[in-house]
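What follows is a pair of complexes built around chain A, which joins chain B in one and chain C in the other.
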Partner chain A sequence: MTDRSRDGLRPSLDQPRRGFMPRFNIALVLPAQLTMMAVVIVPTLIILWLAITDWQPTQAIPWYDATPVWFWNFYDLWYDERFVNAVGRTLFVVGVCVALELGLALGLALLFLDEWPWRRVAVSIIILPMMIIPVDAANAFFMLFNERGPINHMISLVIGAPFEFSWLSHPTWAMAPIMMAEVWQWTPLMFLLVLTGLMNLPQNQVRAAIVLGASPVRIFFKVMLPLLAPVISIALLIRSIETFKIFDPVYILTRGQPGGSTETISMFMYNGAFVYFRMGYIAAAALLVLVVVISVCLVLARPMTKHS
Partner chain B sequence: MNDSQIWVTLLKRSAVVISMFIAFFPIYWLIATSFKPFDEWASWPPIWLTDNPTLQNYRIVFFPEAAREFAAAQQGSLDYKVSGSAWKAFQDSAIISTLATFFSVVFGTLAAYSMVRFRTGGDNYPFQFLTVRMMPPIAVVVPIVALFSVLRLSDTYFGLTLAYTAFTLPFSIWMIRSFIEEIPSELEGAAMVHGMGQFRAFLTVTLPLIKGGVLSTALFIFILNWSEFLFALVLTAGNVITVTLQVANYVSASSGKLYGVQAAMGTVSTLPVILFGYIIQRHLVRGLTFGAIKR
Partner chain C sequence: MSSLSAQGLSKSFGDLCALSDIDFEVADGEFFCVVGPTNAGKSTLLKTIAGLHRPDSGHIHLGGRPVTDLEPRARNVSLLFQNIALFPTQTGRENIGFPLRAAELPESEVANRVEEVAAMLKVGHVLDRLPQTFSGGEQQRVAIGRAIARPCDLLMLDEPLTNLDARIRIALRIEFKNLHRRLRQTLIYVTHDQVEAISMSDRIAVLNQGRFEQIGTPDEIYHRPASVFVAQFIGQPPMNIIGAEIQGDGDDTLLAGPGFRVPVADLETLESAGRLPRQLSFGLRPEALRVAKTESAETPFPGQVVWVERLGSKAVLDLRFAEQIVKAVVPPEHATAAEGPVWLGFTPKAEHLIDSERALFFR
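Let's look at the complex of A and B:
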């Protein structure tokens, strides 16, 4: 690392050496690197230890003296229905939410292709959801989906009979408000990304297609969508990673209740570590998740450098 | 324009209006609820716009006397987490978010400069920081709790600031990197021909050119810090409290439903973030994609 970095000096900057300490460039990255060490790298090493112990803070033994149980944590995880379900549920949420966000964003962006008065104002209002604190967005949806909230009121008005369904305590339906909150908040980001991409499209190809008499639908699928592919892939990648971590709306709306039926991976791990205090067991789950996430991301993150 | 084109335009504009309505409605409900008096919080049918607007909910958020008065009049007692005022939460959030933003941007600028101009650590080095943003924070939270308990950093300003700095560094490094890359290094070279040191050339030539970008990065990171919830939830135990934590406390108050109060707290806590968000609207895309997509 050290030798290569010195060779990397740009030739134009190489001659005047005044004020340049040796290894100065290394010193510059140190503050950032040390912060990362303290908060990310050292804890990751601690996970490796915790994952093979059965440490629980309630045992009153410090974590470094915990009893090793070796690989039993992983064995238990494999047969822990709640964990397996949480993984499946998280993947389901990622798939459905990100797909919905992309579909809605594409549709929305197409409405904003031409210039019209108030267009900027409309964009500003549509992106409002992504501006607010996620916890507050969840708070708003908590009230919307209340038994006596406006959603139930609207349904009652439509069906013409009183409708007092308690969304958040139904094992099957409690996931719906959580996912809606997520889609509501992050479709605007997807919309902004797609719109940016559409505005930057080379107009010549689109115009050529129009002159050649292609239908708007064909132009969209055969010309615009392929040109948008890099932007869309970045948007999908970033939203999938972020949705995979989903925690705030779940915590505010249900905390994984009823009976663990809305637990995502993050919620499962929070409940395990800070409600049941099974730190060692959850460290094993964390290790598993970290290994999978990082290896998937390292493969997928390549397009990000290419595009810029 | 013929008839069918007019219809298409009309249809498109109505779709825009419906989208605007959907985007705004939950926020409207939050604000509307924050002005409702106690007996309208959970009435059926729900009240869409109250006829008796009141500031009581905001008073309960900010003045402990109002909270005590409310508790005595309506419900007997409020639990200890919500009976105090939310001033402390705003104050703590402001301190921690500002400090963490400062450190993140300063460390990030130095590191980004080093990476762009010296290619420090090679081409893959910046990815090390990006990986941090990819891992679910809950996965590192368990060992951080273990580490902080040994270092006595749990429930301190320093501990939370450290965590926030580390988890926003990927954003500051990647965003500022993308800004520095837009400035040709020849400009610094020219200043150095006039006898300036390398780092001074960066500070006096390049930094002023990207100061708008750095400032947007700072606001963007402040938004992230102010909105953070998971770390605040796990790494504190009552001594330090953030606005997001206070919102969660109102939502889960054991003394009963506090819809009006939680709506008031939600509205006030999100205002600064909305303001900053619109100020840096132009740079939001760049920020949220780590500089991959520029305007």
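Let's look at the complex of A and C:
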């Protein structure tokens, strides 16, 4: 209902000054328009074209001369188990990683809400992983989860028996180190976002809840969390988009192996485009993924419009 | 039995001393007003009683029970903040029900109580809406409802009417008084507005720089102020303070200053009558100043009206007299309500003699 009334305003905003200094207006927006053309529209058009061809750079045909196959690429993708699995796996990784990050970040942020000695130093230590180049972080996890690496060593110390498990070549478990690397590296960002949100909560409402006799748990869930909802939904949105593109840990730790069991969307596209050189097919996959990402974003962005 | 008793409460934030050595008691069912200027420590006092601040020293008893070390929710008090602080994501119903649910009452009881409170405060129509759609008065009423929904030993209101426009303020002032009469709720009401304090409360405490200057009934505070601060804070326009010299003694004691010599009324009632210093000053309420167009036994001293402020039902005169500006209140149609020479008269009261050095009234 509110949307409709807002729409009602639009014509009145558009109507005045249609021809007001047209040249000056064009000059103002031209740089932005050209940039948009260069980085968004032209590549999208190329992708749209490639997606309906079977172009492969190895065939020695220029991309604009490629043979159209029309919608067969999409048909093939629909029945390509490897692609469908990669999409499902990526959504699973997004769901689990982002949820873990949010849970950890909320806990940490509550801990850091009160003033205590060395708090600033502790904050800088906590956000350190975020500063590390993702490839390096992934390499560190490759080292940690090596068959004879520190993780296995520590487990064997705890259980008191030799423990050798090849994490990275186990079809079920290989995903775990990848997701751990992701959570380790990006919880700090979530933490910063949530902490900023918590610190900006109106203190008086929290105080009011305290004097009204609410328990800390009730205050957190009934007062703080609803107030934090816009911040959390933005944090979730940012991290979901980022996690959907997860590449570095997968590339460094497994390259999608064993047997494609850790292949995420970006890994699938990398393999398809730069290992098998099936540009047309992967262009079609990229278009499909774009649709998925936009739908997820719209769903996550909904609470924000509701609150404003 | 007193509902609240505080002994030796002190609280400072770093170098800033917010409360120092506060002692007072509030009787069961009393309407107790704390009045003072901005930054006097009023809100700190309430938050300390509610348990949001820990006092640096001192003790608080509620209904005879020591609560100094208790968590806020174990104290059974309620506090309405100055800035209302309704929960913006909850409807009016959820806001009023919040303290009831916090006390883990059964849902049916919560619903009944919310309806009851809403009916009393006439906010039934906003229960299912979010606070952002409320008018200022509705927000205030819902916040009051939230504060009184759960029965408590002590209800504290921190400048509850400050953010409202004058019309709603006066209406709610009457409602508070009615509410208090109906619930017989022990109430501490904090305000910087002396009119609110005088018109509503059983007793008033005047707080200044973290100390109580005086605690007393509105009449005592107005007619027998303890300090110059109280005398000038309570009453609009404030009490005039005029420097004078004591002349003579016994029954012939006179107060003399530039352009006047007057006897003091009931000087013998003053305990320190025999020990008054020669130099002192005295307070004079603007309405105790007699002003006339002609000289008479009642108005023997010449003065000059330099400014007239007309306030509808009365006029405030700025008079040049005794080498300073003093204020007088007269009816608006009064002959002297125009700039020009006038004649003045007054009879200082014994209880309005001021020890100039300590800024306190002689007793």
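The rule we apply is simple: the second predicted complex is superposed on the first by the 255 of 308 C-alpha atoms of A that agree within 3 Å, B and C clash if a C-alpha of one lies under 4 Å from a C-alpha of the other, contacts with A are read in each partner's own complex, and residues count from 1 in each chain.
The rule is simple: contacts are C-beta pairs under 8 Å (C-beta built on N, C-alpha and C of every residue); 3 or more make two chains touch, one makes a residue touch a chain.
Keep in mind that this is a model prediction, so the values were computed, not measured.
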{"item": "Contacts of A:R218 with chain B and chain C, given as first, second, both or neither", "value": "second"}
{"item": "Touched partner set for A:A286, first chain B, second chain C, both or neither", "value": "first"}
{"item": "First (chain B), second (chain C), both or neither touched by A:F24", "value": "first"}
{"item": "Contact breadth on chain A, by residue count: chain C or chain B", "value": "B"}
{"item": "Touched partner set for A:P134, first chain B, second chain C, both or neither", "value": "first"}
{"item": "Which superposed partner A:T172 touches (first chain B, second chain C, both, neither)", "value": "neither"}
{"item": "Which superposed partner A:A229 touches (first chain B, second chain C, both, neither)", "value": "second"}
{"item": "Residues of chain A at both interfaces, chain B in one complex, chain C in the other", "value": "none"}
{"item": "Partner chain B, residues of chain A touching it in the complex", "value": "1, 4-6, 8-10, 12-13, 15-16, 18-20, 24-26, 28-29, 31-33, 35-36, 38-40, 42-47, 50, 62-64, 107-108, 111-112, 116, 122, 124-137, 139-144, 146, 148-150, 153, 156, 164, 184, 188-189, 192-193, 196-197, 231, 234-235, 238, 241, 244-245, 247-248, 251-252, 265-266, 269-270, 273-274, 279, 282-283, 286-287, 289-290, 293-294, 297-298, 301, 304, 307-308"}
{"item": "Residues on chain A engaged by chain C in the complex (per definition of touch)", "value": "202, 204-205, 207-215, 218, 222-223, 226-227, 229"}
{"item": "Chain A-facing residues of chain C, complex", "value": "47, 50-52, 72-73, 76-79, 81, 83, 85-90, 98-99, 101-103, 146-147, 150"}
{"item": "Sites on chain B touched by chain A in the complex", "value": "12-13, 15-16, 19-20, 22-27, 29-30, 33, 42-46, 48, 103, 106-108, 110-111, 113-115, 117-122, 125, 127-147, 149-150, 162-163, 165-167, 169, 173, 178, 185-186, 188-189, 192-193, 195-200, 226-227, 229-230, 233-234, 243-244, 247-248, 251, 259, 262-263, 266-267, 269-270, 273-274, 277-278, 281, 284-285, 288-295"}
